[in-house]
Amino acid sequence: MTSTSAAPSPAFTFSASTFQKLHPAEYFRKFISQGVRPDGRLLTGFRPTTVHYGVISTANGSAMVRVGGTTVVCGVKAEVAEPRLDSPDQGYLVPNVDLSPICSSAFRPGPPSEQAQVTSDAIDRVLKESKVLDLKDLCIEEGKAVWSLWIDVVCVSYDGNIYDAALASVMAALANVRIRKPTYDEGIVKVSGAQELDDDNSFKLNLNRTPLSASFVLFDTSLELLADPNFAEESICEGQISVTVDEEGQICALSKVGGGSSSPSILKECVDRAKERSKDLRALMQQQ
Amino acid sequence: MPSLISPAERDYILKGVECNIRADGRQRPDYREVILETGVVSQTSGSARVRIAGGTDVLVSVKAEIGPVQVDPETGDGADKGQIICSVECAPSASQQFEGRGADDLNNEITQMMSRILCNNTTSSYTSTAASTTGSSTTASRQSSGPGGINLQKLCIIPGQQCWILYIDALILDYGGNLMDAIFMGTRAAIFDTRIPKTEVQDLGDGQFEFEVLDDAEDTDPVEGREDMPICITLNKIGACHIVDASPLEELCTEARLVVAVNRSGQLCGLQKGQEGGIEPSLLLEMIQFGKTMGQTLIKQLDTKIKAEADADLAKRQRGEPVHKLGFFAQ
Amino acid sequence: MARLDRTRTANQLRPFFSSQNLLNRADGSAQFDFGGSSVLCSVVGPAEVKIRDEKLDRATIEVIARPLVGLPGIKDKSRERSIRETLEPLILSGLHPRTGIQIVVQTMKDDGCILSTAFNATVLALLDAGIPLNSILGSVTCIVDEKSGEILLDPTTEELSQAKSTHVFVFDNKSSISTTGAAAMDLDSESSPILFSDSTGLYTEEEYFKCANICHKAAQTVHGFIRTAVQKKLEKEYQQTHA
Amino acid sequence: MDRKRVPGPELSVAPLVEYPVDHKRWTPYGETRHDAKRQPEDMRPIYLKTGLINQANGSAYIELEKTKLACGVYGPRPIKRTGQGFSGKGVLNCEIKFATFSCAKRRSNMRDPQEKELSLIVTQALTPAVRLELLPKSAIDVYITVLESDGWGSCLSAAITCASAALAHAGIEMLDLVAGCSASYISNVPESSSSSTSGSSSIPPQIYMDADLEEEKYEQGAIVLAYMPSLNEVTHVLQSGKAESTTISQSVEHCVEACNKIYAVMHHALLESINESKNNSL
Amino acid sequence: MTSVADAVVPGQRLGHIQEYTAGPGTYSHQDFLYASVVGLKHVSRTSASELPVMTVHRENSQSAMPGMEAIVICKVVRVNPRFAAVNIMVVNGIPCSDDFQGVIRVQDVRATEKDKVKIYNSFRPGDIVRAQVISLGDARSYFLSTAANELGVIFGTSVAGGSLVPISWQEMQCTKTKAIELRKCAKPM
């Protein structure tokens, strides 16, 4: 059906990069049929990942996560706000992912793209539905003042799989958060400006769990499963599966979108691999 | 406002500037004739209109309003200061390019520059708070140190609560080159024209204050520190030379533009390069020096003119004659 | 154990309702109800498409999701993307290159399971518009109850608020056509390929696949219902044109 | 109300900071700068690295201790607005964006006037160096994200340095690299003690190179200079605050000197990128 | 043979203009020659009578951009009787990061019998074409020509969905159905 399925005639020879540009799917298929990916990874391989904590001193908590060529920086800023009327003792968690034009030419200046919105929404749902943090911990004075945690993820370099990288950076940044202990007095919230932060004048967040995810794409009609897709892979594959699990092996979120039907055994495989991957990632995050 | 220039025209201007004869017969450091009127808009606290022969027409109005003070939550600074808010708008009638959103970038550039020069409040923010705690007498006697000259403390009505906010709005009615200089001359004249009503503050005790604005048109305060307000000299580098008060065509030939803000004592209150060319450091310093000298002369001339206008009004009032301003639309 | 509405068992769906061809100006439209939830869907296309969105070899599918009240936000954006990417392999878009198919999904009443209701309404509307599809789909939502740990199908808003986890599934009818009758009854996990899945909350792997199985069975009912609805409509049209 | 982001509370403010009585804040009246290790003429150490954004044609990351910026260059690519007609010259478009968490106060997601102005300044500072006449009908987009800012002067000058390195890394033809540098004028004498005389103007202020945020709070004025070291041309100068012309000429000289030092860092970073790409190809 | 000493950055002085001529990647300013890109400098002498040419080879090549006479590979996006609109994807063997727009006007399809050319007998949407830039064109598109043997369609898909093989300079055959379709083909190299 698609024109790109045309096999190139042997009479024309091109460099690999030209061939990739003209027939991206065909180029890719040649690698996959050999069981490797253009960047040298096996189909199941994840890219090298690094996590750094506390990279931004103007934020209450921050982390930088690199997954291969994808680099994200997450900063958490705590501000004071009035609680919602229906939940007077609960604070706010506001995660947002920014995919600005700096990180890839696929993104244009202006309001968040659909991808940014969908990623923000997915992270928002994981944080809230799997009860990562008791929002009551963010209460300063019931009905009057609560903490609002603005969790902003800035993507500096985009090379696919933003959800895994963004979620990991959010969890790392939340683990890194330190908020000065507040005092509430007649509508004004004050914090001490003492230089050093210690356990007496500040508090850490009590995280119930650390959900981490692994994402996969389904390539072609053969429905090969590729772990941790990069930008080129994402743009030629249609189906996506993301599995988010916590440290006890419970699933926090699972989504499979697009790319035709896939059997439960494929999903089972994804869940198993996600458990493994999140274990590795968790070990990496605890090393720091 | 032309947006393109032919190579022949460019060459003509370039050679002319090199020989120190510009297209309209001026020499490099010559200004065009400037026409200044004050008090042209009756609804404002002060206003001025500056026209530069050849087209540029700028109306600057100052409106004093009462509003809450802005306090920096971390430093507590700003509690005893009034505010100045600048805004520049190019009327679509001034040039076809200003239609729609065409002037947005220019508006923003000039607004930011005016704000930086006139409202810059960052200056010694800690020192002023330190001074105010040591005693209010020092604060009162102290000269305002900001580059804008205007004493912001004097604009405060009740510290920590209410203050005067001076809205300076510049409207570009017509474009004939050299906007910045015209805007700053207009601003200085408009501030000189501004009268702020006197206020009476009553201490109700318990940290509660109440104040009343005295409704006496005759008994008003001038803006303190207005003599120290800077004006701008725009120097355009064409070829290896620089000129002042460029015409629109000359602006198109400009490789680099340097705006120098100077106050009457010759202090530099702002410096900004514009356009897309470079300047050698030695020439840069020479241009700064030139702008400084030029600016001081210009301020003197401007002040003489402003004073003459104010004196004429005063004389008329003293004689009991009605002061008829030439209406804004009368021309 | 009785459910909150006291009329259903755990794996019973709420009564369905559907009606097609409701809107005059759209090429196809349909309403689908799951009990107190209702979604209206309209389809326009294949029609002209903006040059920017034009695809050389197939139709461009655009989904617009509108909430019950207020302006659309990011939740609606997520829903749009879910519906669009699920339909893309379903619609034979290669038959209509360089055209656009616009699908508008409007929530009319909300009592839980809006995404599932929207999926079902969309399929009916696409059928109504005569857009060629390679299969039809059926969507069902279930939850795992916080207290009892029981799996409840087709939950209401009230039940959703007490859920430990929520699962939305979409199945196509390709597998069920081949396994009609007796074979359809014995569904092991291998025979129920999943077209779309979106689950949140906290749950184990076993719970998830149990939910998938239960929903797959329930989806057969939805498939059957959609087939009957189309059949009835066609019969009616046939009678009208040949009366 | 932003409908394209996860909604938060409509109004939220930073808590009021209360300093303890014994809190010692740095002042310029003592012996040292805020960073005691630095002399007035010292800059912060610069870490500059090219090539971290693999989707971009060129990129660079710069760090001056707390000040952290990333820059990506895209292009030359087709011009997006075709309204202007045929253009024989390329267009350089720089956009600077502050991350919401980059400053002490949380910044909004919207592009504010300050970002617009800084974008214009960076564009003006870089344009003289780029050979746009070689790129008809094309645009070069330079995007700069400020991850953390420690003083606006150093932030702006770092943006210029970083963007110029990223442009060179993108293989775009340039006349020269552009180095950016900032200096602040800070009086060493408390103002209240000098107010008895004719103001602080009689004592020339100290020029602190590359001042940080804490030092900027005391500044009387500041200057940001962008300079092409090989061609000996100033591509941008921006001075705010009040200063005598002698102070300015002195600080221009200091900045030019500092820019030469920054040039060495840029030179080194770019040569390193050559070696890296050579090693990768082996 | 390359050492760090040969590596230069923009603005670096390379020599006096009386010693060298400026080649790609360099420029002259006043009396000197400077590098304008990051890369390795290279001196080549063509003849004893001329000055040697100084060039700088880019280490990180600039993203490809169509220039005059460049050979490009493009994809046809739409056709009308006057021209075929294309997206330029590869310039001189280097893929573009962003596609440029181009048009092949009916008079530029081939060199002879120009008045007989029908665009729809030469190109169809989806075809991959090799062409040459003949003009920077208007504000939007580059003007391209296929008026040479080695220029024209190099890949195409038939109506039936099979790939097309050239059988003459203006015919291609579907590998699936053996049906013949009309195209301005490029001569295989």
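Each chain gets a letter, A, B, C, D and E, in the order it is written, and its residues are counted from 1.
Going forward, a residue touches a chain if its C-beta (ideal position, glycine included) is under 8 Å from a C-beta of that chain, and two chains touch if they have at least 3 such contacts.
By chain, UniProt protein names: A = Ribosomal RNA-processing protein 43; B = Ribosomal RNA-processing protein 42; C = Exosome complex component RRP46; D = Exosome complex component MTR3; E = Exosome complex component CSL4.
Computed from a prediction, not measured in an experiment: that's the story for all the values here.
A.B. asks: By that same contact rule, can you tell me which chains touch chain A and chain E alike?
C.D. replies: A chain counts here if it touches both chain A and chain E, which gives C, D.
A.B. asks: Chain by chain, through touching neighbours only, how many steps does the shortest route from chain A to chain B take?
C.D. replies: 2
A.B. asks: Higher C-beta contact count, A-D or C-E?
C.D. replies: Higher contact count goes to A-D.
A.B. asks: Using Cα averages as centroids, what's the distance between chain B and chain C in whole Å?
C.D. replies: For chain B versus chain C, the centre distance works out to 64 Å.
A.B. asks: Measuring centre to centre with CA averages, how many angstrom lie between chain A and chain C?
C.D. replies: Spacing between the chain centres: roughly 28 Å.
A.B. asks: If you average the Cα atoms of chain C and of chain D to get two centres, how far apart are those centres in Å?
C.D. replies: For chain C versus chain D, the centre distance works out to 53 Å.
A.B. asks: Identify all positions of chain E at which a residue touches two or more other chains, and write them in rising order.
C.D. replies: 75, 96-98, 126
A.B. asks: Two or more other chains touching the same residue: where does that happen in chain A?
C.D. replies: If we look for residues of chain A contacting two or more partner chains, we find 1, 3, 105, 117, 120-121, 124, 193.
A.B. asks: So which bits of chain D are touching at least two other chains?
C.D. replies: 4-7, 13-17, 74, 77, 104, 228, 231
A.B. asks: Tell me, which pairs of chains are in touch?
C.D. replies: A-C, A-D, A-E, B-D, C-D, C-E, D-E
A.B. asks: Hey, which residues of chain E end up touching chain A in the complex?
C.D. replies: 73, 75, 89-90, 93-98, 126, 128, 154-157, 161-166, 186, 188-189
A.B. asks: Within their complex, state which residues of chain E touch chain C.
C.D. replies: Per the touch definition, chain E meets chain C at residues 75, 77, 125-126.
A.B. asks: For chain D, which residues count as touching chain C in their complex?
C.D. replies: Within the complex, chain D touches chain C at residues 3-7.
A.B. asks: Show me the residue ranges of chain D that touch chain A in the complex, using the header's touch definition.
C.D. replies: Residue list for chain D touching chain A: 2, 4-9, 11-20, 23, 52-56, 59, 66, 68, 70-72, 74, 77, 95, 97, 99-104, 106, 109, 141, 143-145, 147-149.
A.B. asks: Can you tell me which positions in chain E touch chain D when the two form their complex?
C.D. replies: That would be residues 2, 4, 7, 9-13, 25, 27, 29, 34, 36-40, 58-63, 65, 96-101, 136-140 of chain E.
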